[in-house]
Every structure is written in structure tokens, then in C-alpha cells.
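By letter and in written order, the chains are A, B, C and D; residue numbering begins at 1 in each of them.
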Amino acid sequence: MITLALYIWLLPLLAFVIQIFLGKRLPRKGDFISITAIGISYLLSILLFVQMLTNYNPEFYITAAVPWLQVGSFNINMGIYLDNFAIVMLLVVTTVSFWVHIYSIGYMHGDPRYNRFFAYLSLFSFSMLGLVVLDNLFGIFIMWELVGICSYLLIGYYFEKDSAANAGKKAFIVNRVGDFGFLIGLLIVFTTIGSFSLLDVQQGVAQGKLTGGLLTAAGALLFCGAIGKSAQFPLHVWLPDAMEGPTPVSALIHAATMVAAGVYLMARITFMLSFDAMLVVAYTGGFTALFAATIAITQFDIKRVLAYSTISQLGYMIMAIGVGSYTAGFFHLTTHAMFKSGLFLGSGSVIHAMHNAMEKVGVHEDPNDIRLMGGLKNKMPVTYYTFLIFTLAISGIPFFSGFLSKDAILGGTLAFAMSQSNPVHYLLPFFGFTAAIITAFYMFRLVIKTFLGEPQRPDFYKHVHESQKVMTIPLMVLSTLSIFIFYTLPSLNPISAEHGWFEHLIEKPESAVSIQLGHPVLEISEHVAHSAHVNGMLVSIIFALTGIVLAFAFYFWKKVDVEALTGKIKPLYDLSFHKYYFDEIYNATFVRGLLLWNNFLAWFDLKIIDGIVNGSAFITRNFSAFSGLFDLGFIDGIVNGVADITQGIGQRARKIQTGQVQHYILGALAGLVLIMVFVLM
Amino acid sequence: MGLISLVTFIPVFGAIIVLLIPKQNEKAIKIASAVITFIPFVIASYMWGQFNFTLSGVNNEATFQFVEHTKWIQAYNIEYFVGLDGLSFPMFWLTTFICFLAIVASWNINKAVKGYFALFLLLETGMLGVFVSLDFFLFYIFWEVMLLPMYFLIGIWGGPRREYAAIKFFLYTLLGSVLMLIVMLALYFNVKDPITGGHTFNMLYMMDQSNHSAWLKGVDVRLVLYIMLFIGFAIKIPVFPFHTWLPDAHVEAPTAISVILAGILLKMGTYGIFRISYPIFPDVAVKTSYMLAILGVINILYGAFVAMAQKDLKKLVAYSSVSHMGFVLLGMSTFTDAGMNGAMFQMVSHGMITAMLFLLVGVIYDRAHHREIEGFGGLAISMPIYAGVASVAFFAAMGLPGMTGFIAEAMVFIGSFSVYRTLTVIAALGIVITASYVLWTVQRVFLGKLNPKYATIPEINGRELFTLVPLGALVILFGIYPMPILNLMRTSMTHLTELIKMVP
Amino acid sequence: MNSLLPYLITAGIVFTLGIFTIIYKKNAVGVLMGVELVLNSVNLNFIAFARFVDYQLNGQLISIFIIILAAAEAAIALAIILNIYRLKTTVDVTQVSEMKN
Amino acid sequence: MEMQEILFYAILAFTIFSAAIVAFANKIIYSAFALLFTFIGFAGLYVFLGADFLAVTQIIIYVGGILVLILFGILLTQKIYDLKALAAHNPLFLSLSGGLFVAIILAVILSKNPWFRLVDKALNPTTSAIGKAILTDYLLPFEIASVLLLGALIGAVYLARVEGKKK
């Protein structure tokens, strides 16, 4: 199995290497190489998955490592760690990646840097798969950075556009801020435990090598990395801008896989989260879920709405990890990967169609703007129906995958709040449920504005066509995977996955912190969990339906005058529309501040430090001109001074050196006279 | 004549050969120089194969390799004593490698060609000599031998402000040399040769504390000597606030010389600390290590901040060197295996990465005749291959995993975090700043709309690629699997660490 | 005429005039003439000393060699002057300062 | 005062006077002619000193050789009527001070030593004695002088030669 995992991991790398060097010269610009590689990885992942199902053992894990760095007492081993969790994640990544690859054939057709695109996709797949299979935090950090750079390259894929180049840079730098925390967390872990390996860390924490405040700090700092990568508040600002990248990239990286890496990491290290660290995680996630949802309501760019919804959904997952609903969080990651990448691919299909229509009309407007769409349902039926399925899934409607996972998270937060004595923790379910209603609302707003109602721009509408097969087939596959049945088997209960394979195989790892403390970090009784689950389910169905109905009332039946309402709550609307002015604030403080500070330091360097150097030379030069050879002060000054004096004398002396023999004779004679005078006297 | 002498002196003999070629025959001069620098590289690579990883070196002559030890100036007990160990071999090999590439990169020098290449070859001998010398006097001589050609190479073949830069460089380094000379003489008169009982310049004898005279055992004396020696090396590294010669010298020097300056000369400072300061004054080294770490952190952050404000591409790269050398300082101040090896690895890694960066700046300067960052834009459209190679170099400078810079920085951080927690956290901010200025630069130069002025700028040519690709390949190779380099140094580094820690 | 002094004084005056000429003339040929005067005065000294002090021929022989030298020097100097004239169309020694700077 | 003595001082004055003209003349051509008389004056003095061979040599080489060379030099290098070029001089003050330095030195030397008179001694013809001396005691310097002359000859020819293509 280790070998299989290695193949899954390394094949895309091979494809990348071939693509980057030879891609341009190959037929079809070598897209088949990337696709074959990821395809084989996909098949092998399925093979692994089937093996896992046949084992059906929640305790299963397998690991193997080789020494990588060995210097003296400092050693790092690199290895593969496979458990059910990793296998499911592998399958998720390869599935989305493979179908996005297929989709890209159509979407990127005719792009001048077609081969580069596939090369980057392969590199990304490699990095992401590595992040999943590696057995130690250091390796995960390496892959973490690599997915970051892939994301940078792919966001800035249309680098001729300043906005794209900016977005890529912003994404990477904001991520680096998070990685700064991640790195410090890693350092704490390594310096206390002496190993990066997940198993060693688990044992180390259990043995109490890392305790108390430092443990909380380590957990919180590692979470910083996740904040950056999973675009949690306050580092969420990069993800909406990342939509400058090609849509398949948004689907693969910024919806399904890379942004979920943060969640993956938190799930991986969930055993070392102390209670305080968990609270930090939960509140960050919960707040982000609500916060991003409120922004999504007012956006007009189809991809930005989806981006904010991604942030919001990631917030759910993070919150789930924070409240100890490990399985639910990961479950949501899985289902979300399917329907959100589907949503992005669907939006890509729409954008592609709009773009082509605009080309035909000869007008260049923003193809992403939902105000220019409407009524596309008739023109693009496949896109519409798949999009609808995804929307239902994300809104949490029974019979779809999203319902199962979201419900599990909401139930988990509710159970958490109920089992805590402090009522403040009811904030968490509040965040969750409010975000749920808003999610349903804005997702249906999107669907209605895009696909239903009257065409807003008939001129474009005329030229809109359904996308080609390579683009619709991935949509169909992903929409199939958004049906409940894939997650609830062997049971067929559409509203609970409790008895499904997922809940069985993905078992929350034993908390090392609990072992260390001798008592559970978090205690939630069976009874509380069950009642919370049932209550949560009812409430969430009601909320989701409410949201949908509201959306229809606002935008389809036009029962409410949206314009008038917007006018009434103008300040709130503006706040949401301008994303709470986060970009502006960051620009004004951090970016401006940094640039000012840099310029100040550069000035300081040039004028003060160099000025001191030059000035001291100047002073010493003059000083030594007066005090001559007695100057024993500053040596630099002497060196400079001596050089300058010599030069100065030379400057004058060379005037004497006229190059004329007659002057020399004169000088010689004068000298002779002087000698005579001295000799004779 | 041993292999070391062969490698060290081939360039200087080559310089004589070059001088004998008629000056009109520029092509022959260039080819001869390339061949001459290639031979040491081949021999050094062969020596890598012969190198025994398990011998520690540092203070024990028996565990040095390729040793040559004969009398030279008997009257003062000066010896011709050269040898290699894990501290010097990586730099020794890197020097032969970078010098060869730099010669190839000098192909379009067309002013006083003969003089340039002859001086360059002399410079190579000086640099190699510094790395192999185990006799302090010999070390000093090579140190000075290296200085003069550098002065002329900057002062004659440099940019518009070359004379200012050359004199600044010369005076700065001369100041360092003077301090080093004082320390050398102080040691000479206060260290006794255990066999003959006379004075000695032998570094290994100096490292044995029992050979020190009573005066040299004084606490204050040791501190003062250590600091003087440190300033001597700090100027070369360069450590804040002695760094201002570096941007000027780098900017004004011709491309290949910038490569040599940043790739090798800067490392001589840190090499000197490893080779001389640490083993001879281990007690002071331990006592002052916190200061060294602070200087390292200042270098990292200060270099990065100032780099970000630069408008000249070459100056930016120069300041990034200041920043990266800070990692070496931070790592070497830790006395942990990870930190020390990380520092040494960073020396090699930065040597390669910064060489790439300067070569890349040279490529664009040759075409556009300016280096204003704002003056470019969208070059990735007109020069895709160049942009690709440049991204590799810039990402490596940024510390992207999979490249050597990351390994080095990570090891330094791991080493230093166990010793200086707060400082490491502050230093780690550097990775954010570095990412900012690197990406910002990449964006301003390569991305965005194509500046119409450079729509037809010629793509990077084969010769330039020939200098860049080997470096890039090694940066990635050793970034994925760094053990080949780490193997060279780890035994020596562990030994050195133990040596320092043994001191009460 | 039978004493040394008049010769020495004469030689001294001519020597002084020769030096003066060397310094005074800008014309290279003039300078050359000055040199000839100096050489002649020295010759006179040698011969005078040979007659009044040495009583032998050594002084005269040295004079002969000086004359030979003067001839050679004049030939070379004129050749150089002609060359300079060809190159720079001047024989002004103050104009010939290529070695400066 | 004997006739001889008068003649001697007359020749002295004549020599010094023509040397002064060499020094002070504005036109180089005048200097050249004055130089001719200076040389002749010197030849006369040599006769008084009993150096008959040298006197003749002086006439032949200086007057017949060097002076002719100098005249050629002058005529070849400039147009006679180009007064500006001919009359160009360095500052008189500087030159005079130079002369003064020499004069001071010589005066000091002359005044410091007792230059004694000499009992009259017969004047013998010197030519054969010189010939013997050259071929015996002074053979080596003589040969070297011949080589020098040859060298000077070749050198002068090489220097003064006009390169073929220029003509």
C-alpha cells in the first residue's frame, strides 16, 4: 500500500517535469501526460479506497519512513503515513483533480500557455497529494508551501493582467503570514518533542513533553497556518482575489483541495489541541462562517459569491474541528470538495459561455457579472441542473450530501454548547445556524439571478450555448457524487450518515492531551450528542428552507423591493458590499506601513549609516590634515584620511610634474643650491 | 605537489599563460581562462569523490585530508600548511564551481580583456588559498592576495561609480585586514609551538588552549582579540552596521565579479569565524553568542526591509544577501547541530542562489542597459525562458521548499529556536518580508503588462543558460536531497560544536 | 693666459649661459644649442686642468670622448626633434607633454 | 701686455659674447650663427692651452658637423619667417633664476678653492701622443665610442626616417 501511495504521489511530479521541459513540443501540448498521470493516481486511489472498504477497520494505519536529514543529533525522517483518513483524502483530491483536468481540456482550449497550465496542475496535484500522505509535520510544511506556490502561479496565470499578478502575490504573502505562525508552531513541537513525525508527536504529547501554555501556543500557532491557507478571518482577504485565476483552478485549488488543507492539518493535529486551543479554533471558524456569508449576499461577481461561500464553509469545518466534531468536519470537507468544485466548474461553464457570447457581440464586459445573466436555464440545461444539485447540497437540503455533513457539524456545535457550563458557547451554534440560513439565501440568489427569470441582456443571451462535453461530463460526475447515497452506504437513510461507512471508518483519534492530563479534554455524553443531533437537524432543515424561500421571495417572485430595502439599510449594505473594508484597512495599515518603514530604513541606511561612514572619513580627513601623523583615533578614518591626504598632495604635486624637462632642470638646480647651502654652512 | 596546491595554483599559472597570449586574440584569452578554471573544478569534484566523510578535521591535523605541510619561511616558523576538512571543503568546491561559471559569464567583457582575465584568475587563487590555509600567516597572505585583484576588477571594469565603490570596498576590507593582522601577531607571539617551543602561526596549535601564554589567557584580552577578529570578518560578511560597502561594490562591479563577491567573498567572513574565531576563542564565542544572534536577526530583518525599498534590481539583490547572511550568523551563534550545519549549508546555498540572481540581473542589464525595477514589466511575455529561470532563482531566495534556501533556513530556525526563542520568532518574520519583496519584484519585472520598449528584447542565450542551469539544477537537487552537502560538513561541524561546548 | 683662472671663469660663464639657454628656449633646437654650450664649457675645463694640473693628456682624451658623445647626441636629438615636428608640427618643448596625465 | 695676451683676452671676450648671443638671441637662426663663433672661440682657447689636435677636432666636428646638423634642423623644422615660432621663449625670470643658481654654485666653488698658477711649460704637439694613447690605454673606451657612434647613427636614421607610406 505504501508503494501505491508513492505512485499516487509521485506520478504527477513526473508529469510536471515532462510537461515543463517538453510540453510545448508534444502533440496537443502534452495535456495527455498530465491527465494520464492524474488518471493513474485516481485509479490507484480508488484501489486503495476499495482495499480500505474491504478491510473496514477504523483502526487501520500503515507507515514507513526513510532518513532524510541526518546531521549529528538532528534528524528528520521522511515517510508515508496512511490511514483511512489519508486514503479518503487521497480519493477526494484525485477525484476533483482528475475531473478538473478533464474539464480544463475544454475550458483552457486555445490558451497560449496551455502546456504550462497543465504542468502547474500536475505540480499542484503532486504537492497536495504529498501533503496528504507524508507522515511528518515538516514534510507537510514543505508541501504546504509548494501548494502555496502553485496557487501563486495559477492565480497569476493571466499575469499580463495586473489584477491577476497582484492577486497571486497577495495570496502568497497573506499565506506566508499564516505560515510564519505555522513555522513557529513547528519549532515549538520539534524543540520539545525532538521529532516531526505525527506518531512521535502524538506519543510525545501523551508523555507530557509538551504541556501547558506551550501546548496551547503550539496548537494555536499551527492553526495560524490553517488560518492562512483556509482563508479564515482575519487572513481571508486573499481568497476572493484568487478568483482572478482560471476557473478550473478556482475549482481545484480554491474550493476543494488546497484551501481544505488547513482543515486537513487541523484534523491531523487534533490530538494535540488543548481545550483553549480548541476554543480559538472553534471561534475563528464559527465567526468566519457567519462573517463570510454576510459578504456573499451582496456580491455580483459569480465567482466571488462562491469564494465567500467557500470561506464560510471552511469556517464550518474549522469550527467542527474546534468543537471536537472531527468526523463531521472532515465529512464536510469531503462533501464540500465535491459540490463546491462542481459549483465552480458550473460557474466556469457559465462564464465560458458568457465570454464567448460577448466575443461574438463584440462587447467587452465582465463575463462574471450575474447582473448580465438571467434565464440561462433554457440555454444551458446541463449546467443548470447540475448547478442546482450543488446548490441544494450546499444549502443543506436532505437527500444531498451537504445536508449530511453540515447537519453533523451543526449537531456537533450544539452538543458542544450544551455540554459546557458557560452559556457564551451558544454563540457557536448561533454562528452556524445563522450562516446556514444566509448560505441558502445567497446561493439561491445566485441561481435565480443566473439561471432563472428573464435574460437581463438579450443581446448576449442570443449567443449563449451549452458547453461542450468535456466540460459537462465532470459536472455530471460531481453532481452524482453530491447525492447522499455515496456517503450513507451501507445504510440508505437519506437524513443521517450515522451508520454509513464514513462515520464508521473515520474515527476521531484519541486525544494525546487527554492522556497527558489524565482526563478528557472535552466530554460530550452520548445522550447530549444524540439530542443535539436531532434538534440540530430539524432546525437546520427549517432554516435552509427559510433561506430558499426568502431568496425566491426577493429575487424570483419579487415580493420585496430589493432596491428599496437596500436603500434603507445602506450602511450595512455598503459594509457587506465592500467586504467590511478589509482590503482598504490592510492596505492603509500593513502595506503602506511596511513600505513607509522600508523607505525609512533605506533612507536610514543611505544617509545615516553610510553617512556616518562617509562623514567619519570626511572628519578624519580634515582632522588628520591638522594633526597629521599623531592621529591614532578611528582606524577607518586613518585609512581614509591617509588615502585622501596622499591624494590631495598628489593632486598638488602633479601640478609640479609638468612633463617639461626645463622645469625639472630648474628644480634640480634649486635643489643643488640648497644642498650647497647646507653643505657649506 | 598535492591536489590542493594543484587546484589552488593552477589559476595563477593560468594567469601567466593568459598574459602570454597576444592581447588582440581576445577569444583565445577567454577560452584559455575557461579551460584553466575548469581544471580546478574537475579536480575538486574528483576530490569530493575521495573525501572521507568520517574525518572531522577542525583541530586535529591527522583528521585533515589532502594535507600538505612543509616549512616555508623558517626564520619565523611560517609554514606552507594546507588541508581540507568539512568546514572548508564545501566552500572550496563551490569556489571552483562558481569561478568557472563566472568566467563563462564574463564572455562579453571587451575592455582590457587580458588584464581582466589575468586578475580574475589571480583572484581565484586567492580565494581558494583562503579556504585551504591552515597556517595563519598563509591565510592572511591569501586574504590580501584576493583583495587587490578585486579592487582593480571593480575599479576598472565596474559601472559609473566604480572608483568610489572600489575605494570604499578596499578601505573597508583593509580595515578588517588590519584588525586581523593585529590579532594574528598577538597570537603569534603568545602561542607556543608544543614541539619546538618557539612562536608559531599554525592555526591548529593556536586552537589548543594549553599552548596559550598567560597573557593570552586573560579574559579581557581574549574578549578584545575576539572582537577585533570578529570585526575583521564582520566587514566581509557583512554584518550590520559594516555593510554599506556591499551595495555599492555589488552594484558597480561587473556581473561576474558581483557573482564572485556575493557567492564566495561574503562567505569568507563566516568561514573565518568558523575556522579561526570559534576554535581559538571558544570561551568568548560562547559568551558573546547572544550578541551574534542579535546581529544575525538584525541582518535578516534589516536586509529584507531595505531590500524592499530598493529601486535598483542589483541593489535589491545585494541587500537580500545581507538578509540571507543573517541566517548564517543566527545559525552559527546557536552551537547546535541543526543551527551550525544550517549556517554552513546556508553559505553554500546562498552562494549558488545569489550567484544565479546576479547572473540574471546581468542578463537583463546587458539587454536593457538599466536596472530600474520600475522600468521593466511583463518580461515573462517576451522572455519566457528567462522568466522561468529567474522565478526558480527568486523562489529559491524566498526559501521555497524543494530548494536549498529552505533547508538552510529551516535548519537555522530549528537550531536557534531551542536556544533563543524570542529572537527566532522575530527572525521568522523575515520569511514574510522576504516573500513580499521577492514576489513584488517578480511582479514588477516579469508580470503585468508588457512594457512596449522590451517587446522585442532578445531571449536569454545559450551561454547565459549554460551558467544558470547548473546552478539552478543544483539548487533544486540539494534542496530535495541535501545530504550530499551535509555529509561533507556534518562530522566537522559536530566536532566543532563539541569542541566549543567542552570549554568550561 | 698662463693661469688657470681665466679659463675656469670663461668655462663657468659659458656653462651658466648654456644652462640658461636650456631653460630659456622653447625651441627644441635652442635647447640643444644650450646643451652644446654646456658640453663645450666642460671640455674647456678638462683641457685647462690637463694643462695646468695634470700635465698629461688624460683631460684631452676625455674631451675627445665628450666631443664624440656630443656628436652622437646631436644626431639623435635632431632626429627626435624632426620626428616630433612631423608628428605635432611644432618644436616647442612645452607643447610636448603626452606623458603627463 | 704682450700681443699674445691681448689676443687671448680678446678671444675670451669673443667667446663669451657669442655664447651670450646664443643664449639671448630672439631668433634661433641668430643663435645658431653665434654658436658657430662660440665654437671657433673655444677652438682658439684650446690652442692657447696647447691642445692643437683638439682645436682642429673642435673645428671639424662642431663647426663642420654638429653646427651644420643644427642648421639643417632649424631649416627643416620651421619657416624662417615664422617669427612667432622662432621667438618663443620661457619666462625670462624663471630662466634667469636658473642661470643664477648655476652662477652661484660656480662662484662659490671658484671662490672656495685656491686656483694656483703654473710655471710656464713648453707646448708640445699632442697629435701623435693622443693617437698612441687612444690605441693603447684608451683602446676600450675608444672602441665603445665607435660602437656608440654606430648605434647613434642607426638610431638617428631610424628615428628621422619617414615611413614609406607617408610620402
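In the analysis below, a residue touches a chain if its C-beta (ideal position, glycine included) is under 8 Å from a C-beta of that chain, and two chains touch if they have at least 3 such contacts.
As the structure is a prediction and not an experimental result, all values here were calculated from the model.
The chain pair A-B and the chain pair A-C differ in C-beta contact count, and the higher one is A-B.
Relative to the centroid of all protein Cα atoms, the closest per-chain Cα centroid is that of B.
A separation of 69 Å divides the Cα centre of chain B from that of chain D. Here the CA centre of chain B is 63 Å from the CA centre of chain C. Taking the mean of the C-alpha atoms as each chain's centre, chain A and chain B sit 36 Å apart. Distance from the chain A centre to the chain C centre is 95 Å, each centre being the mean of its Cα atoms. With touch defined as above, residues shared between interfaces to two or more other chains in chain D number as follows: 90, 94, 98, 102.
Chain contacts: chain C has residues 19, 23, 94 touching two or more partner chains. Residue positions 662, 665-666, 669 of chain A each touch two or more of the other chains. Listed by chain label, the pairs that touch are A-B, A-C, A-D, C-D. Contact residues of chain D toward chain C in the complex are 4-5, 8-9, 12, 15-16, 19-20, 22-23, 28, 31-32, 35, 38-39, 42, 45-46, 48-51, 53-54, 57-58, 61-62, 65-66, 69-70, 72-74, 76-78, 85-86, 88-90, 92, 94-96, 98-99, 102-103, 106-107, 110, 115-118, 120-121, 126, 129-130, 133-134, 138, 141, 145, 148-149, 151-153, 155-160, 162.
Residue ranges on chain C touching chain D, taken from their complex, read 1-10, 12-21, 23-30, 32-34, 36-37, 40, 43-44, 47-48, 50-52, 55, 57, 60-61, 63-65, 67-76, 78-83, 85-86, 90-92, 94.
If you check the complex, the residues on chain B that touch chain A are 167-168, 171-172, 174-175, 178-179, 241, 243-244, 302, 305-306, 308-310, 336-338, 341, 378, 380-381, 395, 400-402, 406-407, 410-411, 413-415, 417-418, 424-425, 428-429, 431-433, 435-436, 439-440, 442-443, 446-450, 481-483, 486, 489-490, 493-494, 497.
Taken in their complex, chain C has these residues touching chain A: 19, 22-23, 31, 93-94, 96-100.
Against chain B, the residues of chain A that register as touching in their complex are 68-74, 138, 141-143, 145-146, 149, 152, 156, 159-162, 164-166, 168-169, 172-173, 176-177, 179-180, 183-184, 187-188, 190-191, 594-595, 597-599, 601-602, 605, 609-610, 612-613, 635-636, 639-640, 643.
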